[in-house]
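What follows are several structures.
Look at the two complexes coming up: subunit A is in both, with subunit B in one and subunit C in the other.
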Partner chain A sequence: MNFLHYWCAMSGIIGRELWRFITQRERFISALVRPLIWLFVFAAGFRAALGLAITPPYETYILYEVYITPGLIGMIQLFNGMQSSLSMVYDREMGSMRILMVCPLPRWFLLLSKLLAGTFVSILQVYVFLGIAWFYDIHAPWQGYLWVIPTLMLSGLMLGALGLLLSSFIKQLENFAGVMNFVIFPMFFMSTALYPLWKMKESSALLATLAEYNPFSQAVELIRFALYGQFNQQAFFYTLGAFIVFMAAAIVGYNPSKGMMSKKGGA
Partner chain B sequence: MGRSGKTMTINNSSALCIEQLSYAYSGKKALDQVSFSIQAGECTLLLGPNGAGKSTLFSLITRLYDSREGQISLCGYDIKRQTRLALAKLGVVFQQSTLDMDLTVLQNLLYHTALHGIARKVALPRIQQELERLNMFERRFEKIRQLNGGHRRRVEIARALLHKPALLLLDEPTVGLDVPSRLAIVDYVHQLATEENLAVLWASHLIDEIFPDDHLVVLHKGCVKAKGTVDEVLAATESTSIKDAFYNLTKGEAS
Partner chain C sequence: MIKKTCLSLAIGLLCLGNVAAESVFVTLEHDNALAIVDPIAGKLIKTIPIGQRPRGIAISPDYKYLYIATSDDNTIKIIDAVSFKEIGQLPSGKDPETFALNPAGNRIYVSNEDDSLVTVIDVAKKKAIKQIKVGVEPEGITVSPDNRWLVSASETTNMVHWIDTKTNTIVENTLVDPRPRAVSFTADSQQLWVSSEMAGSVMVLDANNQQLIKTIKFEISGITADKIQPVGVVIDKERHRAYVALGPANRVAVINAQSFEVEKILLVGQRVWNLAFSPDQKRLYTTNGTSNDMSIIDLDSQTVTKSIAVGTYPWGVVVKP
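Here is the complex of A and B:
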């Protein structure tokens, strides 16, 4: 009976999020256009500028477009995670977060369900992106397309938890521009999404170190290896650890007696 | 539980019991030693000017904030220690609309029943029943965006009742509605209290929403200035009308 309640609620939350995503066509298109521009325009232009050596998981020389694809998958999930944090702030201002918070289930479970819902949405986006990339001659082995699912779950949860954590701090919608500047851009550029670590070391050791410890890099590497049927253990544990830390902090942030909600949030 | 509850201790039979509740925002007291209780079948109006502490009180009852001093219990369940049992007894209509604009009436209600762990098979007839009582059933496939303010409110009231709560909280639910919609909602909620034996706590600053049988709690600057039935409050303030009583209770030390 109790288990059923949890299941009911989780599927309700996930169903609502998926439905909203499908019906909001602009959101779907903009979520796709962003990585496609990077792929078709940025990567094409950059191809000549960057020579790539053979590094694992790749076994041959690859085009820059192929290298950048896992990074762009990470980007989709990064934006999606931040967007769901934005929608959470919006929900809080509009009150629908309250409906969630007054339902008789533990808060960590509600937040986790919300995260899972966002992650499923991001996985949908990723597969549509991979489908388009396939026609652009970016192919991974077919097993890779399956192996990538569990990694996308983990990376999506990690980035979503980060968004959730931020949403417990952000008081107003307008602050999303700040999130763009201070979280999304540094995380994305200071990572292995666009350039490999060894290449970065050539220009700046500090930058390379920062990129190495950036959880986003680790998530991207996890996806990169999985896409070629390989398991990157270090990236896995790093991403998992980051998820646990962000999630725990977010749960504290949403705790009525400890977190930001008590400091005159929520209105 | 209401009738038989009267012989039990008040604490156990009360749908809502608030004892010595205080709350402060960064040093400024929003609620100061607030105590009152509501029994099943009672409609209690929480009156107070803006800034009296009504919204803070609601946030504490719904556990959006945590109270550090004092106690809140619903049907005998302590909101802090038995949160989930207490919240299961609670139906809320917030001041701002909390419906999903782009979902239909039915989708919104099914989302709510899912959160409360009510299986679809049980939920659908209940939704039908609640919507029919409010003459909204034939509009169940319309998106919320297409409904007017009064109808949105009706959907929210229907939603708050789907999990069969013992206490219904309404935070100024008639704000921004036209007179007929307002009256319809006021009548309907009073009817719920008597027919369904539901305890109602209704925050308002509109005096014409009070019925003669109602109970009142007058809140001003975080303190309870008066509580009891309409007659008791009139007697205590030596006033002839609620309007005068309310004015007298809230004029003092107004800044």
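Here is the complex of A and C:
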């Protein structure tokens, strides 16, 4: 197996995912509409509700819309990660997973390629979202728009790995609703995406602690700092650690002899 | 050759650094102190005890002296702008808050709110030379850059009084919107801008005939009208733009000074009160009363770049190049 084989498989998987995303116009629009509704409707309503305090990386007072933008970027990547987990379940039901799995390349490589494909799609969505937000007067320093790329890669991979891990547990497409209720919503709401930690501490110390250790919060903070040209070391290592744990668990989960696949009777 | 170039570059940068360096002085009403801020580094340098309840502040035209109204000491203190030592006091009358220095720097005009008076002080002699009876609760006060007019605004009478600086007598009165707070002349002395706290408006008056040119109103989505209370107002030298501190709306309005349209609203700290330009007019500094900080606005990009904690109840602000 040489490098070309690996490249061929990876580009095939990424190409398929990107093509699927672009041709599915409804998916493209719905992926954008969700964060935009939060930005234009939810954030507008809460504009005056959020008290004032300057916390890094911000150096002055910001509107609520500005605060939740990195959170909504995280939301795009979270939903995208789950969407790719949904597509794994779909692939398994439709049988295309079998074709992928019989490919004579290591399983971890195929899963990583799948993850990268999902991450590229999410980055595409994020930049379209940031473009629209620009016209809504949400501006970051221009360097921030470049700095954010590597962090989006890491956070996208971490959330995608979580999705992969979950997909190894889900037998049928219908079970995805459970993922929404038990994973996406708690992860999103119990994070720093919508409210800063200091604000949460005012109402509940427990909630603030949960939010602090939520890997989604750390990914959002990593994005938030990068968008303003700063590097959040703690968030970086936390997100990286979470990615390694989720990825390792997903690889085990997709191992026919050890993981969840054997219990479900394979792909 | 390379060494020489590097050296000259370094010297050049050093000189540039010196040119750009400026100090911002902010009076802290509750801390009884003066905050000294380096706005380029974005840092509070130090805080100096200055007297009881310091509010109004001005700097002499040669930038050697600071004049600070310490209201509860019933005086205006003269402070050396380098050593920050007190070098004298001026007889301001009771509870001085706002005052104005004339362009020559030899007269200070103080609003005595409780007595409905304006006290004229000879700075060199440190003596009050006249008291002018004005409307009830005089607050905003300014001298036109051409030194022709002294204008005092009475909060309760809702009037601006045009006082001839040669005779120190009122020549004309103009009715303005309720509770006028700050008054400011354009650099060419042709217009007087008056902010009215209760009306939530700014009136632009013609200094030649003392008549109204335009009333500017403000609307901010998500902010109720009662929160929009204009206070500090400054106009740039070229009269391109004016900036108005909107008090508890926590915002500064950017106004096109030619068309009088509100171009932009910028979010700053809570209860933004007074404003001051940097000497090159590339930045604007705001004192944010209840969030205990000042904000720096970059005027080229029209964005708020930084807010710096300075102390409790920042009130007045002046800049020394």
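The rule is short, and it goes like this: the second predicted complex is superposed on the first by the 263 of 267 C-alpha atoms of A that agree within 3 Å, B and C clash if a C-alpha of one lies under 4 Å from a C-alpha of the other, contacts with A are read in each partner's own complex, and residues count from 1 in each chain.
Here, a residue touches a chain if its C-beta (ideal position, glycine included) is under 8 Å from a C-beta of that chain, and two chains touch if they have at least 3 such contacts.
Remember, it's a predicted structure, so these values are computed and weren't measured experimentally.
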Specify the outcome, clash or fit, for subunit B and subunit C once both structures are aligned onto subunit A. fit
Partner chain in contact with A:61 - subunit B first, subunit C second, else both or neither: second
Comparing subunit C with subunit B, which touches more residues belonging to subunit A? B
On the A-aligned overlay, A:104 touches which partner chain: subunit B = first, subunit C = second, or both, or neither? first
Taking the superposition on A as described, I'd like to know which of subunit B and subunit C A:44 touches: first, second, both or neither. second
Considering only touches as defined above, state whether A:8 meets subunit B (first), subunit C (second), both or neither. first
Thinking of the overlay built on chain A, is A:33 touched by subunit B (first), by subunit C (second), by both, or by neither? neither
A:16 contacts which: subunit B (first), subunit C (second), both, neither? first
Smallest separation of CA atoms, subunit C relative to subunit B, angstrom: 46
Given the complex with subunit A, which residues does subunit B contribute to the contact? 25-26, 59, 62-66, 68, 83-88, 90, 92, 94, 96-100, 102-103, 107, 110-119
Contact footprint of subunit C on subunit A as seen in their complex: 44, 47-48, 52, 54, 59-63, 139
Note which residues of subunit A are touching subunit B in the complex, please. 4-6, 8-9, 11-13, 15-16, 19-20, 23-24, 94-96, 98-106, 255-257, 261-264, 266
Given the complex with subunit A, which residues does subunit C contribute to the contact? 42, 222-223, 250, 267-270, 291, 293, 295-296, 303-307
